[in-house]
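The two complexes that follow have chain A in common; it is paired with chain B in the first and with chain C in the second.
For the complex of A and B:
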C-alpha cells in the first residue's frame, strides 16, 4: 500500500488509527501491534509491540522519512520492519498568535 | 437621525486604533456592528471590579491594540496582522486557517491529502473544491487551528455552523454581594498561572495589578512562546510576577504549586492537564475555595485548538468589504477579549470568596463582542 499524505490507516489488531503526515522516501510497510496496518482486522497485539499509541501524538521513522499522527489511540505500538517509531515532542508554542 | 450615529462610530473607530488594524492594506473596512462599544463595556466592567480592590486600572484601548503597536503591525485584509492566519474561501463558505506553529505547516499535506510546495497555494486551490464541514472535520482530527466563519457567502445560502458550544459561559456573579471590599488586611491571594501567549497572561497581569501574588509557571522543555516574541510585550504582561520552571514530566511539584494557589489560570485542554495528573474537579474538591480560570479556544468540551485570530473569525468578529469578502478585525483580538473576560470572572470570584470555575473560551468571549448592536446606517 502506498503511504500518501492524509491517508488514514487502521490497526489490524487494536484500536489505533493514524494519518500519514510525511510519506516515506521508499515504500515501507507500517505496522501496529506487530501486524501490517490497513490489513484485514484480526489477531492479537504482539507482546513485543504492545507499548500503545497516544492520541494527538506524532511518531516518526527517521530512516524512512515517515511521520504519522495518531488520531485514535490503541494498545499496539507502531513500527516499520519491526523497528518501533519514536514519539515526537509536544508542539512548541508560537511566539505570537 | 441615523447619520450622526454612524459618523460618531467612524470617528471612535479611527481614534481607537482599530481602523489601522481592520481592512485591506490600502483601504480601511468598517464593521457593521459597534464592536467598540462592547470592548469598552468589557474594560469598563473590569475597571469597576478593580476599584473594588482599591486600584484604578486605567484600561484604555491599548489593552486590545498594544501588541500591534509594539510589533508595528498593520491591517493586511484577509491575512491576520501577524501574518500567520488567513481567511480562505471553501466550496460553500469561508474558513480561518492559522498556520501558527511550524507543525501546522507540516500538517497541510495531510489535511488536504495532497503534496505541495507552497502551503497557502495548496490550501487556496483545494479548499475551493471542498465543503467547510469536511475541511473543519479533518483539521480537527489533525489538531490544526482551523475554524468556520459563521456566515455563508451569500445571505440565505448555506447554513451557519452551530455556535451553541461556543456560547459565553462565564459564571454571572453579582459584584454587589460583599461590602468588605479589596484585599487590605487580608492575605494576598496567590495566583498560579500556567497559561501562555496573551489571554491567560493578560488575566494574570490584571490580577497582579489588583494586588495578587502571581507565580508564572512554565515547563522546562516548553516555555511560554511569547518569550520569543518582543521582550517589551512579555515584560509588560509579567511585570511584578515570580517565575518558576517545572519539569512537567514529573508533575509532583506542579501539583503542589496548584494546591497552594487561591487562583489557577490555565490555557490547556482538559485532556492535556489530565495527562499530567491534574484534574480540575479533583483539585477543587480538595480546595473548595479555589478559583479555577480555564481558557480554551472553543470551550472545555471542545478539543479543537485555536489562537486569537482564528478564534475571532470563528466568532464572526470580522468586517466585510465592499466585495462581500471577510477581513480581520484587530490583531488576535479574541486574546485580549478573553483575557479581560477571564480577569472579570476571577476578580468577581475573589470578591465572593472563591469556589468558581471561570470557563472562558476565546471564540465564546469574542462572540459576545461580535454580537454588538448594528450601527445605524446612513
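For the complex of A and C:
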C-alpha cells in the first residue's frame, strides 16, 4: 500500500489509527502491534510491539523519512520492518492565533 | 488530512473540556463534535457544493466550519460588513451554495442565482433534527476554506486553502491538547478573516476554550476578558490601540490575561510599547502571515519583545518593528525581481515554501512548481534572522533607482508631536522617476519645512517627502491596513 500524505490507516490488531504526515522516501510497510496496518482486522498485538500509541503524538521513522500522527490510540506500537518508530518531540511555539 | 479530524481528535482526547463559550452558553468538545456531525448531515442534504457563512462570531461559525469539513464541502465565510451591491456580487460567485446568514442579514441576500439562504437561527434549530454523520467524508486534496481576500485594491480574489494546508499548519505548530485546563482564547477577529478561521482550528487542537465576541468593541472586549477569565487573545493593531486607550482610562488591568498575539497589519511602535507598559505581565507575540499561507509564517516571541523593549542597543530595540523569525516548519527567502535570493540585509520580495502555503486562488495559481510562493510583500532580514516587513511590494517607492519603503517614513512622521497619522506613497516625477508624497493628519498646524527637517534628521535626505498634504483622516481597511493606493489614486486624480 502506498503511504501518501493524509492517508488514514487502521491497525489490524488494536484500536490505533494514524494519518500519514510525511510519506516515506521509498515504499515501506507500516506495522502496528507487529502486523501490517490497513490489512484485514484480526489477530493479537505481538508482545514485542505492545508499547501502545498516544493520541495526538507524532511518530517518525527517520531512516525512511516517514512521519505519522496518531489520531486514535491503541495497545500496539508502530514499527517499520520490526524497528519501532520514535516519538517526535513537539515544537513549542507560542500561540499566535 | 481533513480538518474535521482535528475536532474528532479533541472530542476523543478531551470530551468534557469546554470548547466554546458565548454569552448565554457553552459547548464541550464532545458536544461541539456532535453538533458538527449533525451539521454535516444537514449540509449534505442542502443544494450546492459549498457552505457559505455570513455573520459575526457566533456558535454557528465553528459548527458550520467543522460541519462543512465533515461533509467535504468548501466553507466560505464572507464579510458581512460589505455594502449590498458588493456582498451580492461575492455571494453570486459562491453559487451553487447554501448560505448560513445571520438573521439580520436575511433581507439583503434573497434572490441570488444558485444561492440558497438559511437564517442562522433556522440552521441551529435544524441540527436538533439531524442525525450525526457517522464518519467524515474523506478527500485529502479537497478545498477546506475559500476566503475572499480583503486586499487593498481591486475585486477580491478567492484564496483557496486546502485541508492539507490548514491541517499541516495546525499539527506542525500546535501541540495536541498542549493547553492547560482553564485556558481561554478571546476571538474577536471576524470569521471571514484567516485569523478567525485559524483561531478556531488551533484552539480546538490545542484544547483551549474559545470565548467569542460577536464584533470588536474595546469596552466589550475588556468586559469579556475579565468575566470569562480570558488567558489568550489575538488582535489587529487598530484594536490594540483602542484597548490601550480604554485600559488607561478605566484602570484595573487584565489580571488573567497571559498572552496577546497581534498581526494583520503594521503595528505602530508607540502602540506596542504602550501596551507592554500597561500590561507588563502579559506575553506579546507578533505574528506575520497571509491568507494564502494559512496564517502565521513568522513570529516575534515574548522573550524577543522583552529583550527589545528593555535593550539600550538600537539594533536590538529595533526588533520590536520586526515580525521576528520564520517558523522552523517552513522556508523563507528574500528575493529580487528575477527570483534570485538577495544578499543578507538587502530588501526584496518575501518568498515562502511549506505545507501550510497554498498560494492558490480560484482561477489562478501563483505557487511555483517547486513549491515557492512569492508573497508580494517587501521585506529584509537582519544578521540575526529577524524579518522586517515593509508592506506590499507595489507600495515601494522607486526614487532615483533607490527602493524606499513607505512604512519607515510613516513611522518617523507619526512620532512628530504635530502629527497623529501619516501615509506615504510615490507619485510620478520627471527628474527622479518617483517622488515621495506624504498625507498627514495634523495635530495643530505643523510647518512643512519643519516636518521635512524632522525626517531628514532621522532618516536620510533621499527619504524626505517632496510633497506634504494634510487630511482629516486616512483610509484603512477593517483589519487595519492603510490604503495607500486609494490615497495615491486620489492624489493623481486631483493633478489631472
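We take it that the second predicted complex is superposed on the first by the 93 of 97 C-alpha atoms of A that agree within 3 Å, B and C clash if a C-alpha of one lies under 4 Å from a C-alpha of the other, contacts with A are read in each partner's own complex, and residues count from 1 in each chain.
Basically, contacts are C-beta pairs under 8 Å (C-beta built on N, C-alpha and C of every residue); 3 or more make two chains touch, one makes a residue touch a chain.
Keep in mind it's a predicted model, so treat the numbers as computed, not measured.
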Exercise. Would chain B and chain C fit next to each other on chain A once aligned, or clash?
Worked result: clash
For this session: Using the superposition on chain A described above, determine whether A:69 touches chain B (first), chain C (second), both, or neither.
Result: both
Exercise. Touch check for A:4: first (chain B), second (chain C), both, or neither?
Worked result: both
For this session: Applying the touch criterion given at the start, work out whether A:92 contacts chain B, chain C, both or neither, answering first, second, both or neither.
Result: both
Exercise. For chain B, which of the listed stretches 153-161, 171-179, 243-251 or 279-287 runs into chain C?
Worked result: 153-161
Seminar exercise, completed: Going through chain A, the residues touched by chain B and also by chain C turn out to be 4-7, 19, 21, 55-56, 58, 69, 71, 90-97
Seminar exercise, completed: So, in the complex, the side of chain A touching chain B is made of residues 4-7, 19-22, 55-56, 58, 67, 69, 71, 89-97
For this session: Using the touch definition up top, name the residues of chain A that touch chain C in the complex.
Result: 4-8, 19, 21, 55-58, 69, 71-72, 90-97
Seminar exercise, completed: The answer for chain B against chain A in the complex is residues 67, 71, 82, 84, 98, 100-103, 106-107, 109-115, 138, 141-143, 196-198, 221-222, 224-229, 271, 307-309, 332, 335
Exercise. Where on chain C is chain A touching in the complex?
Worked result: 1-2, 5, 8-9, 12-13, 138, 140-141, 163-164, 171-178, 185, 195, 198-199, 201-203, 205-206, 208, 232, 234, 259, 261, 263, 283, 285, 287, 289, 295-296, 299, 301-302, 327-329
